[in-house]
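The same chain A turns up in both complexes below, where it pairs with chain B and then with chain C.
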Partner chain A sequence: MWQYTLKRLLQGVITVWFIATATFLAMHSVPGDPISGERAATEAIRANLAARYGLDKPLGEQYVIYIGNFLKGDFGISFTQQNRQVNDIIREHFPVSATLGILAVLFAALGGVLWGALTAIYRNRLPDTIIMFLVILGISVPSFVFAALGQLALVNINNFFGVSILPVAGWGTVSHMIVPALVLGMGTMAYLTRLMRSSMLEIIHSDYVRTAKAKGLPAERIFLKHQLRNAILPVVTVLGPAIAAITTGGFVVELVFAIPGLGRYFVQAVQQLDYTVIMGTTVFYGSFLVFMVILVDLLYGWIDPRVRVQ
Partner chain B sequence: MSAPLLEVQNLHVEFDTYGGTVRAVRGVDFKVEAGRTLAIVGESGCGKSVTVQAMMGLIPMPPGRIMQGSAKLRGVEILGRKTIEGREVRGAEIGMIFQDPMSSLNPTMTIGDQIAEPLIVHRGYSRSKAWARALELLKLVRIPEAEKRAKQYPFEFSGGMLQRAMIAMAISCKPTVLIADEPTTALDVTIQAQILDLLKDLQNETGMALILITHDLGVVARMADDVAVMYAGQIVESGSVDDVFYRSSHPYTLGLKLAMPNNDPGRHDTLQPIEGSPPDLFSPPVGCAYAARCPHSMRVCEARSPEQFDVAPRHYSRCWLHHAQSPHRADGLFLGGGNE
Partner chain C sequence: MQEPISTEEGFTRSAVKQLAVFSVLAVLVIVAVMYALNFIAGLTGSDSQSAAGAVDIENNEISVFLRQDPPQLDSTRSTDVVSGTVLGHVMEGLLRYDENFEITAGLAERWEIEGTKATFWLREDARWSNGEAITAHDFVFAWRTTLDPAVGSQYAFIFYPIKNAEAANTGDMPLESVGVRALDDRTLEVELEQPIAYFDKLVAFSTYFPISEEFYESTNGRYGAEAESLLYSGPFRMTSWVHGASIRFEKNPYYWDADNIHLDAINIAYITEDTNTLLNLYKDSRIALVDLTAEMLEGAMQQRWHLDRFMDGSVFYIEFNHRPGRLSTNLNLRKALRYAQDDGELVDRVIKLPGYLPAKSVFPVWLRGVEDTFREEYPAPESEYNVALAREYLEKAKQELGITEFPPIVLLADTSPVATISSQYYQEVYKKNLGLDIVIDPQIFRQRLAKMSSGDFDLVLSGWGPDYNDPLTFADLFASWNLNNRGHFDNAELDAQVRIAQNSMDQRVRMDAFGKIQDILFDEVVFIGNYERGRVYATNPQVKGILRRAIGAETDFTRAYIVPESTAP
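Moving on, here comes the complex of A and B:
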């Protein structure tokens, strides 16, 4: 088990290194650089700036410098924002994104498992039809539409009651988080519902559930001990990529609800070719996701004994 | 003879499918006495499993439907009921084991927990007491190193071991009837023999009745006291194992016997299959279901479904050849032919 964990972590480090290298190369192959946008700058000023930031050095040398700095945990200084360390940007804004993301994932996973199990049990009956209709909506409607609709609904609800039940935008308390997390998790929840439904349907008709019935177990016990745990396996498998989708997809929701998350900086940096911020946020997101996937795999081993042994 | 422990009468089961209604079981009667073994024999799709699953309430409804009939345990109706006389029918009164032990156990639960589960649910045992009993049961079904094995998961067991664990689970609450639905079909021959011996020994120890569903006549000869031969949802011949094997009274039983591979070095017969295939149970024939494949078919066979003819005490056959007006000499046919 420990050996497996160690192996996975080592693979993770290699993955992160690969992400860093790929981002570095992709970033530098885009025409222009962070200082080419400066209007007033003459050739001489630009050359001086390039020399100051090391942008005039050959690509290989720049790469070595970047990687060296990463290893020291230094992501450098932002090109476009006044006097800000990339480390500070991440430190200030990532916890916001992470809180929102984790809440959204929890919501998506719990909702997906619950609705999925429900639709499977009520297969081809009214609850199934209604939920599956909503699921199709959830999968096909993009998150910014849900975000706008969610906000609109909040405004109307608050107006109706005359008091602010849940804040429409902003960040700070738990009440700020609920609706954005719901909106962010919606698509994933819909997807997990479908997955859970099909896996549950398969298990309802499996031989061991028949055995459990032949043992005369009550329905709740069969559901909890024999169906749920086995049906949940495929859901856990896609939870890793789902976390990736949610945390990187948070940008739109953060924008609509005016949440000071990392997503905004990530997207802005790419638009402005802010080399250090791009590298910093990408590598950070990358390592976070790799770590999450490893965590999910370990969780999988905990749920399914067949995976545990190797 | 003692009173029947379990008596099934006129059981009819149907399934709604996209192609129409399948009449899978069409009037099945049988009795099982305590300490005895009834084998239900027949080819795939003849309704053997459906019969016992209907009795146990294991048929998904819908699409399944029990149209009529009764199943009485010690004289008390069990169809559609979960408990009789305060005891749970499934798992406590009647235990059941299935064909494929590999897929019939929960892959994410330890063997010990799965065996202990009925004890916790039906007997109200504490977890530790149920676990201790589960270890005893594992030893009873001859699984070595029970303490270690109980903590393992189904994927760590071989097929034969899993079937032993299934048996341990099924007998954990000391059922009065054990139903074994093709218990050895998925296992290789040496393991088959071990499992059958185990079932026999457990039956001798506990005095439970055993209903053995199989299509293997070898297993029947080895295990059964009584035999019911099923064809197209009906029991076509029923009697003691000697009656059915040595005094077969239905052409289908004869056909099955001829189709059995023979290992006798002195004989070089070719295997004689039964020509044709079983009838479509979407619209079962009006007459005898076997008429289309029967070499002795008469006009009446196509027109009217045969009644039960008692050929001897406790031995009946559903075949018009036994009718007093039958042009064939039934006795001659069944004394010659496959009965030697």
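Moving on, here comes the complex of A and C:
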């Protein structure tokens, strides 16, 4: 087990190093000058700015310095917010994205299990048809449409009742979290519903369920212990990557609901050629993703010894 | 032990019952997790946002929005409109613009600009937000810091009219040689390179704001990064700044003119550039002002919202590459390109954003002339949409260039939506009217600038925003020495007129020079105007005294006040 853990961690470190190097090279080959501004600067000022960010050194040396700082956990100062550390940006904004991501996954997982089980029980009957139609919608409609529609609905509801039931946008209280998390989790919820449905259908018709019924076990016990518990396993396995994917993919929802998450910095930095923020957020998100995958792998190894042997 | 169930229907009913229990538990779990996460967030210090409405009569405060988190509140390095808007509320310099856009006394109670010498006398009650006196030394420190080559400020050039400032900025002379001195705590003396007519307007610009040296040093390079790492000299002070989420301004009790500041607080409750979100927030009475897009306008008029319009100051145009060997150096080709397009069509039919005007001149409509606006006194030469004329010029261009067919012409442009549709418009009309192939080269903003600087374009969609309320802020754009003249236009007559406008103290002489510059730019087809940017916006009828302007704080709530009797939107 320890050997397996160590091996996976080592692979993870190499993956993160690879991400960091690839980002560094890609970023420097994107055309454009990160220290240019609308107001043209004299050569002397440009040189000073380049020196401050170490851009005056050859690329190889920049790479060594950058990997060195990265090992020390220092991503440097932002190019656009020249008095803000990239570390501060990640520290202040990642918890917001993570909160939103965790909630969205929770919505998706609990909802997916519920709807999936329900459709399997009512297979080919009206509830199944309705829910599966909604699932197709949920999978095919992008989140920005849900975000815009959700927000419009909130405005109309608030106007109708004449009081603010739920805030239209913003961040800071529990009531601000509900709609954005729902919107963000919608696609995953639809996906998990389908997963749960097929897995549940398989089990409903399995031999051991039939045996349990024949034995005359109580219906509650059959449903809970024999069906639900076994059907849920595939859902659990996709949760780790889903948390990472949702947390890193909230840019649009963050923009529409005016939420101060890291996603906005991640996307804007690329548009503004903010080298240090691009590097910081990419490496951070990359490590986060790799970590989640390793975590799931380790849990697998713990649950199923056959994985370790491979 | 319960009775065993034998029918399929019975199993289903039992399962649904259990799923109902599951869903109740699920809701409980979600609620518990939400509160737990919120609790953890509270521990890590991100402030809870107040759910106040657009207008809070009881506490005498309003809520508004910003398009983005202010990138830079260190006034020595700030360059953008959003930071400028925030700084305009919390900072003040020696002079400021009043409600009528005229220069008036700020921290200086009086001033004298005589020849190359300018003297400012600070108010006795000019104080920082911590109660300490604002002294002339604070100005000397801020100005020298901006000019310090090590700081690398992009706006250092705004000090260049001051003696030795340019030499100090390039590192050729020590910072101490810059012509700004504190005669005593309350007297600031400035020595200029030569007399200039608009120095009072420069002094109102945010780069000229004071900074307390002691405080600046105490922030360890983080001056302006957080609400606590700034000291305020303006009508408001920032009491909280949650990056990307909210900012709160509270009335600065130490501000010298606090009696004339009516609001107790301004909440920037939302930070997003999503126009639909902002409209929804306005409809939900969360913000007191909203900018409208074309499709929102009809609904706003039906609702009888209170609408206003203002020009944000910027003007956009096509610039040409005048480097030798480029086709765009040919005057007849440039004339053909001008007559083959219709800026009215571009603005009204293509861009369709409310508040935009066709750009008839590089000098926008709102600039002041001698008595009236500059454009009233010096009307821009009229162009016309004339395809036949355009084709004539194109034929002449072909003969001069000795070619029968034009190779594709490169139009460099930003990737913004407006730049994209504008470039497509030009591509289409030039193909249709002149048979020219335009190749659009879409680039992100910084790469567009890089390509402009290296001369890698024929035509480029470009634009300019003003720094001070004088036509010179636009007039020197195409001067041969200007680094922003990235197309390398070089015209001795234009250069001479810019020098006159820079050096003369007589407004009539200066405006005549600007008029001549306007004519040269037209005759030589140095640019093809696209549009002047404006905005149409709705305001909550309970809030009065909001100013929107082209220079300084784009939206200025400092002198706003609440009128309680009006009804909400």
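Operating definition for what follows: the second predicted complex is superposed on the first by the 272 of 310 C-alpha atoms of A that agree within 3 Å, B and C clash if a C-alpha of one lies under 4 Å from a C-alpha of the other, contacts with A are read in each partner's own complex, and residues count from 1 in each chain.
As a working rule, a contact is a pair of C-beta atoms (placed from the backbone, for glycine too) under 8 Å apart; a residue touches a chain by one contact, two chains touch by 3 or more.
All values derive from a computational prediction rather than experimental measurement.
Student: Once both complexes are superposed via chain A, do chain B and chain C end up clashing or fitting?
Tutor: Fit: chain B and chain C sit side by side once superposed on chain A.
Student: Once the two structures are overlaid on A, work out the angle chain B-chain A-chain C from the Cα centres, in steps of 10 degrees.
Tutor: Seen from the centre of chain A, the opening angle is 160 degrees.
Student: By the touch definition at the top of the document, which applies to A:86: first (chain B), second (chain C), both, or neither?
Tutor: neither
Student: Chain B or chain C: which reaches more residues on chain A?
Tutor: Result: the larger residue contact count on chain A belongs to C.
Student: What is the contact status of A:196 with respect to chain B (first) and chain C (second): first, second, both, or neither?
Tutor: Neither chain B nor chain C is touched by A:196.
Student: Quick one: classify A:292 as touching chain B (first), chain C (second), both or neither.
Tutor: So A:292 meets neither chain B nor chain C here.
Student: Applying the touch criterion given at the start, work out whether A:229 contacts chain B, chain C, both or neither, answering first, second, both or neither.
Tutor: A:229: touches chain B, not chain C.
Student: Given the touch rule stated above, what does A:243 touch, chain B (first), chain C (second), both, or neither?
Tutor: In the superposed model, A:243 contacts neither chain B nor chain C.
Student: Could you tell me if A:211 is touching chain B, chain C, both of them or neither one (first, second, both, neither)?
Tutor: A:211: touches chain B, not chain C.
Student: Of all C-alpha distances between chain B and chain C after superposition, which is the least, in Å?
Tutor: 5
Student: Please write out, lowest number first, the residues of chain A touched by both chain B and chain C across the two complexes.
Tutor: The answer is residues 213, 216-218 of chain A.
Student: Taking the touch rule as given, give the residues of chain C at its contact with chain A in the complex, in rising order.
Tutor: 1-2, 4-5, 10-12, 14-16, 18-19, 22-23, 26, 29-30, 33-35, 37-38, 40-41, 44, 46-49, 51, 69, 71-72, 74, 77, 79, 149-157, 169-171, 221-225, 229, 242-246, 269-274, 276-277, 280-281, 283-284, 286, 443-447, 449-451, 453, 465, 482-484, 486
Student: For chain A, which residues count as touching chain C in their complex?
Tutor: 31-34, 36-42, 44-46, 48-49, 52, 80-84, 88-89, 92-93, 95-96, 99, 102-103, 106-107, 110-111, 113-114, 117-118, 121-122, 148, 151-152, 154-155, 158-159, 164, 167-174, 176-178, 213, 216-220, 222-224, 227, 255-261, 264-265, 271-273
Student: In the complex, go through chain B and note every residue touching chain A.
Tutor: 56-58, 60, 82, 88-92, 95-96, 98, 100, 103-109, 117-118, 121-122, 153, 155, 166, 169-170
Student: Under the stated contact criterion, what part of chain A meets chain B in this complex?
Tutor: 205-208, 210-218, 221, 225-226, 229-230, 303-306
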